[in-house]
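What follows is a set of structures to go through.
Paired with chain B in one complex and with chain C in the other, chain A is shared by the two complexes that follow.
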Partner chain A sequence: MDILIYGTINSVALALYALGFALVYGISRLPNFAHGALYILSGFITWSALNTLGFNYFVSILLSLLVTGIIGAVIYQFFLIRVRGMEISEIIASYAIALAILEGLRWGGFKGMTYTLPVFISGSTTIAGISVDYQRLLAVAIGAVLVVCLWLFTRFTRIGLALRGMAQDERAALMLGIDSDVMAVVAMGLGSSLAAFAAMLLLPLGNIVVESGYNVLILAIAVCVVGGIGSWPGAVLAAFIIGFAQILTVVYIGSHYQMVVALLAIILTLILKPSGLFGQQKELEERV
Partner chain B sequence: MKTRPINMLIVFLMTVALTLSAGTVRAEKPILIGCPLSTAFLYGWDAERGVTLAVEEINAAGGVDVGGGQKRLFKVETIDTRDLEPGVPVSEALLAVEKLILDKKVDFIVGGPVRSEAALAAMPLLSKYKKVSILTTGVLTPKYHAMVAKQYDKFKYCFRIHGEAKNLVGEIFANFNELKEKYGLNNLFIIAQDVSHARGAANIIKDIATKKGWNVTGLEIYPTGATDFSIGLLKAKETKTDIINIWMDMPESAILLKQWYDMQIPALPFGSTLAAAEQPGFWKATDGKGEYTLCNVVNAGNAPSTATPWTMKFYDAYTDRWGVEPEGLGTSSSYMAVYVLKDAIERAGSLDSDKVVSALEKTDMMGVYGRIRFDPKSHQVIPSTDPKEGAVGSILQWQDGKRIVVYPKSIATGEILLPPWMKK
Partner chain C sequence: MSKKMQQRRRERIDRGIKIRTEGIYALMSWRELAYLIMPRMVLIVGLLALPLVMPGLYWPRVISIVCIYALLALSFDFLAHYVGLVSLGGALFVGIGGYLTALLNTELGLPPLLAIAGATLIGSAICTLLLLPCLPLRGVYFAIITLMYPLFLARVIEALDIFGGTDGILGIDSLPNAWVEQYGVIIMLVVCLFALRRLVNTDLGLVLRAVKDNDQAVRASAMNITHYKALAVFIAAAIGCLAGAYLAHIYMWAGISIFALDFSVLPIAATVIGGSGTLVGPVLGCLILVPVSELLRDFGTLRIVFYSLILLAFIVFRSEGIMVYGQRKYHQVERWTKI
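Moving on, here comes the complex of A and B:
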């Protein structure tokens, strides 16, 4: 039972890490290596709004989601747009931005282990004899709602449909009057806000540490590679595969191998099915 | 009134003489102390602050007498080794040390590298350049001073002024035994970070505990940067563990303690190395969830006590200077290392490495955490539970928002309490 409960929690956390990354790549084919840095940045924005500016916690969270989204859009509009389509340059540029953000935070004094965000609901409960705290249960519930909301957004709103159009065929979308650059900016803003959303749910469980930005990026990449880069359903499924594999590893093999699972998953996917579980477009390229 | 030229000349000469005599200290080239530290982490920045405070105090008092009445000031040159960061290779720390020696041309090394692996790898470098180094933070591996003892001629430039893993193990078992006698605790679960000193110490604890009749219910090793400890904690709970012994210096160890509280694990968290709980900000960072957590801050002075007359003097001076109380392992020892170095240089009357090594070996001074002496063969600071005899450690417990020293008894200000959900 503990495997089921904590496997699910771990999987939802991985899905939350990866959704923003998958969304940006799925729409604009941009591997946003600044994703983990934006996740941590949003945590510090919330912390600063709450503790330095004295805002209400809920207002601080909304502010953080908004500001991180804007920062993501600005990063695309002023930096990444210049290297769009050049994959290696996109990776280098976005990773350089990640380094600038994370090292800038560190340089600004955001170091140590005392930066924390309060949990939404304090306390814990017991499910089938296993103790679980409310914040983790809330993260699972909100994570599930988020996935449903994203699905609805991309199917029943004009912007969502435009984003899907871009993801399916950029040239066809252009012919239908969809501005691909504007949509890419929107996607980057939305993806950054999703990183911030994940941070708001998961950071209260621990502390805001600059270094974890790199871990978040690695986990997001692992989930997206296994799921098929750019595929949201693939990302969710891969999150559950890796999430449960990590927990099973901790239980039956050893906790110090848990990070190896994510990296091993990337290697195995690239050897056995480079397109990932749901990477349909890449799969077509592979067949050709 | 007309001023005579001779009077003007006398005034001029006196002014020059006064200026020159006042500037004797300042005209000399400062003694450069190189500090290779992982400055983004507790064991790095607290060491830097400790060194800086001592240097400021010594310089304000006139500097260091290098012999022949020649006084020179100390100057600190810090470099970020990043060796506590996950995924950063040891070679980065070695480059940092080499840069301090070759580029910054430091006279002495004080502080790190902080990670045991990096400090061990830096030993041949120190030997190659004959640079006297006093380790003050982080490095707990017994291998460090064992290597000095084994190859004295090669590694004689390496000293360590803070406690090491074997001392910590002894201190921990003194407390475990007390808890066993007082509350009947007997089941021990060990959680360690996947780094050299923690893995080594955890295995030593496991072996010794088993020999001493403890029931070791498990040993979990987590990678640096791990953020979920729920399965390990559940294992501890399922095996009816009484004490969870923790060896972690990563910031994420705060998550472990939050989870321990949220899951109401009926076991006492006893950190041997537990960076998160050492800091004064721990209480606020965990919303008080870390209450009852024990941790070893390695040397007195890193938590409030009256080990020696200098302890609280240092404690207050640090708090005034940095706006925060001494924060954990590496604070008092880094501060003390500068005073010990000053004392050795003055006795040696020179900055020559071999002469300073000889002087350091003869160090005998009452410091912040007791009597400071080095073992002449291994260059490890001599430990004791009595501050009059040697360097004393400090184990603290978080009680009602305060860091209460519970060990050694000679300096303790309180006793270990159990959380209400595990009262025996």
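Moving on, here comes the complex of A and C:
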């Protein structure tokens, strides 16, 4: 039973990590290696707003979502857009940004165990004999709501439809008057905000550590690769597969293997079925 | 203002001496011979003279590290720009080479130079086998999987607690003496550099470049692209493993930190800055980047910020790199002409 509960929580966390990455990759084909860095950065923005500037917690969260989104958009508009379409340059450039942000934060003194965000609601409850704290339950609930909202957003709003149009066929979208550069910037801003959103939900569960930025990136990549890059249902399903696989290995083998599972999932998927579970559309482009 | 600018354009013309030195006629005068040989000699003599002009205890070590990173950058440049396989996993080669030489040296008791040679050959075979299933992958997928391999192996070693676990393998023999340590790696760098330059101009190099540009055409010519890609990976992995094995003997230690991302990222940065696709460029890039990052050591992790920002600036705004720029200035004259 505890496997079921903690597996679900872990899976939702993975899905939250991956949402922003999947969105940006699906729409502008940018493997955003700065995703994990933006996740951590938003945590520190909230912490600073809360403790240094003395804002209300809720206001700090909103501020952090907004600022991280703007930072993402600015990064795209001024740097990444120039290497658009050159995948390798995109990877190297976004990875360089990630390194700059993370190591900059580390240099700026944000290290160690002293930085934590308060939980939204403290306390815990018991479900079927297992005690679960409210923050984790809240993360699962809000995560589920977020996925539904995103689904609605991409189907029923003008911007959402434009984003999906661009993801499907950029030239056709251009002919219909969708400015693909603007949409890519919007997508990157949105993806960064999603990273910040995940950070707001999940960071209160632990400390804000710079190193976890790299892990978040690896987990996000794992989920997206296994699910099929650019496929939403695939990403959610993959989050559950990897989430439960991780919890099972932690319970039955040992906690050292948690990251091994994610890395193994990436390697096996890419070797056996590089298009992932649900990504049929681009199969021919990925393999010779 | 802008109207005036439109009236002129910049024109680039090859220097006469470049045309004259392209054929056998280069042998006709000392000046033309010098034009051909000088850039190469500056590099070779410069590299060989470096340990002599930089005595002391600290800088020779930096020079060795420069050469090791240069070997890695060379292997990255060869794979990425002559075969079209972008490998972000320099750390994979370093890690496997380092661990193998450590095992050969401490377990089997081979002398360092033999252990390095063994680690290079066995290591590149292992790397090729590991990467063989991923060779059909293209672009970003190959990049992701090569990035994940070293992380994966490091976690596996940590989790299984094999090969000394988190402590690593201690007590590796050092190289016979300081001169061998210093010049061994420099000579190997020069040999690898010029061997690769020659390789890419042979028929094999032509096929490899064809694999990069249009793999379907190579297939249609009844050539097995996986075979050629595997061969290229073997060559690149051999260079990388050599670097890793040498590093293990310099530090007299091999641990999971030799799978660290540094070995994947810094060579790429050096390649981008030096000029990708030139093979000499990566060496120049390392000659600039590694000492700079050593000088910035006092600033702690700020140096990583610094070199990632340099990398970003180069890849976004000046993607041609120093070497391509230098070659252009050396071979061509520029002038303004009226339209």
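By our rule, the second predicted complex is superposed on the first by the 283 of 288 C-alpha atoms of A that agree within 3 Å, B and C clash if a C-alpha of one lies under 4 Å from a C-alpha of the other, contacts with A are read in each partner's own complex, and residues count from 1 in each chain.
As a working rule, a contact is a pair of C-beta atoms (placed from the backbone, for glycine too) under 8 Å apart; a residue touches a chain by one contact, two chains touch by 3 or more.
All figures in this text were calculated on a predicted structure; none of them were measured in a lab.
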item: A:Pro31 touches, of chain B and chain C: first, second, both or neither?; value: second
item: Contacts of A:Ser212 with chain B and chain C, given as first, second, both or neither; value: first
item: Contacts of A:Asn10 with chain B and chain C, given as first, second, both or neither; value: first
item: Chain B versus chain C as contact partner of A:Ile271, first or second or both or neither; value: second
item: Which of chain B and chain C A:Arg106 touches, first, second, both or neither; value: both
item: Partner chain in contact with A:Thr116 - chain B first, chain C second, else both or neither; value: first
item: Chain B versus chain C as contact partner of A:His256, first or second or both or neither; value: both
item: Contacts of A:Ser89 with chain B and chain C, given as first, second, both or neither; value: second
item: Partner chain(s) touched by A:Gln168 [first = chain B, second = chain C, both, neither]; value: neither
item: Contact residues of chain A, present in both the chain B and the chain C interface; value: 106, 254, 256, 259
item: Chain B residues within the chain A interface of the complex; value: 39-42, 45, 85-87, 194, 220-223, 225-228, 230-232, 234, 237, 251-255, 258-259, 262-265, 275-276, 279, 281-282, 284-287
item: Contact footprint of chain C on chain A as seen in their complex; value: 31, 79-80, 82-83, 87-89, 91-93, 95-97, 99-100, 103-104, 106-107, 218, 221, 225, 254, 256-257, 259-260, 263-264, 266-267, 270-271, 274, 285-288
item: Parts of chain A lying in touch with chain B, wherever the complex brings them together; value: 2, 6, 9-10, 13, 106, 111-116, 118, 122-124, 130-133, 135, 205-207, 209-212, 214-215, 247, 250-251, 254-256, 258-259
item: Complex contacts: residues of chain C adjacent to chain A; value: 80, 86, 88, 133-134, 136-141, 143-145, 148-149, 151-152, 155-156, 158-159, 215-216, 219, 225, 265, 268-269, 272, 299-302, 304-305, 308-309, 311-312, 315-317, 319
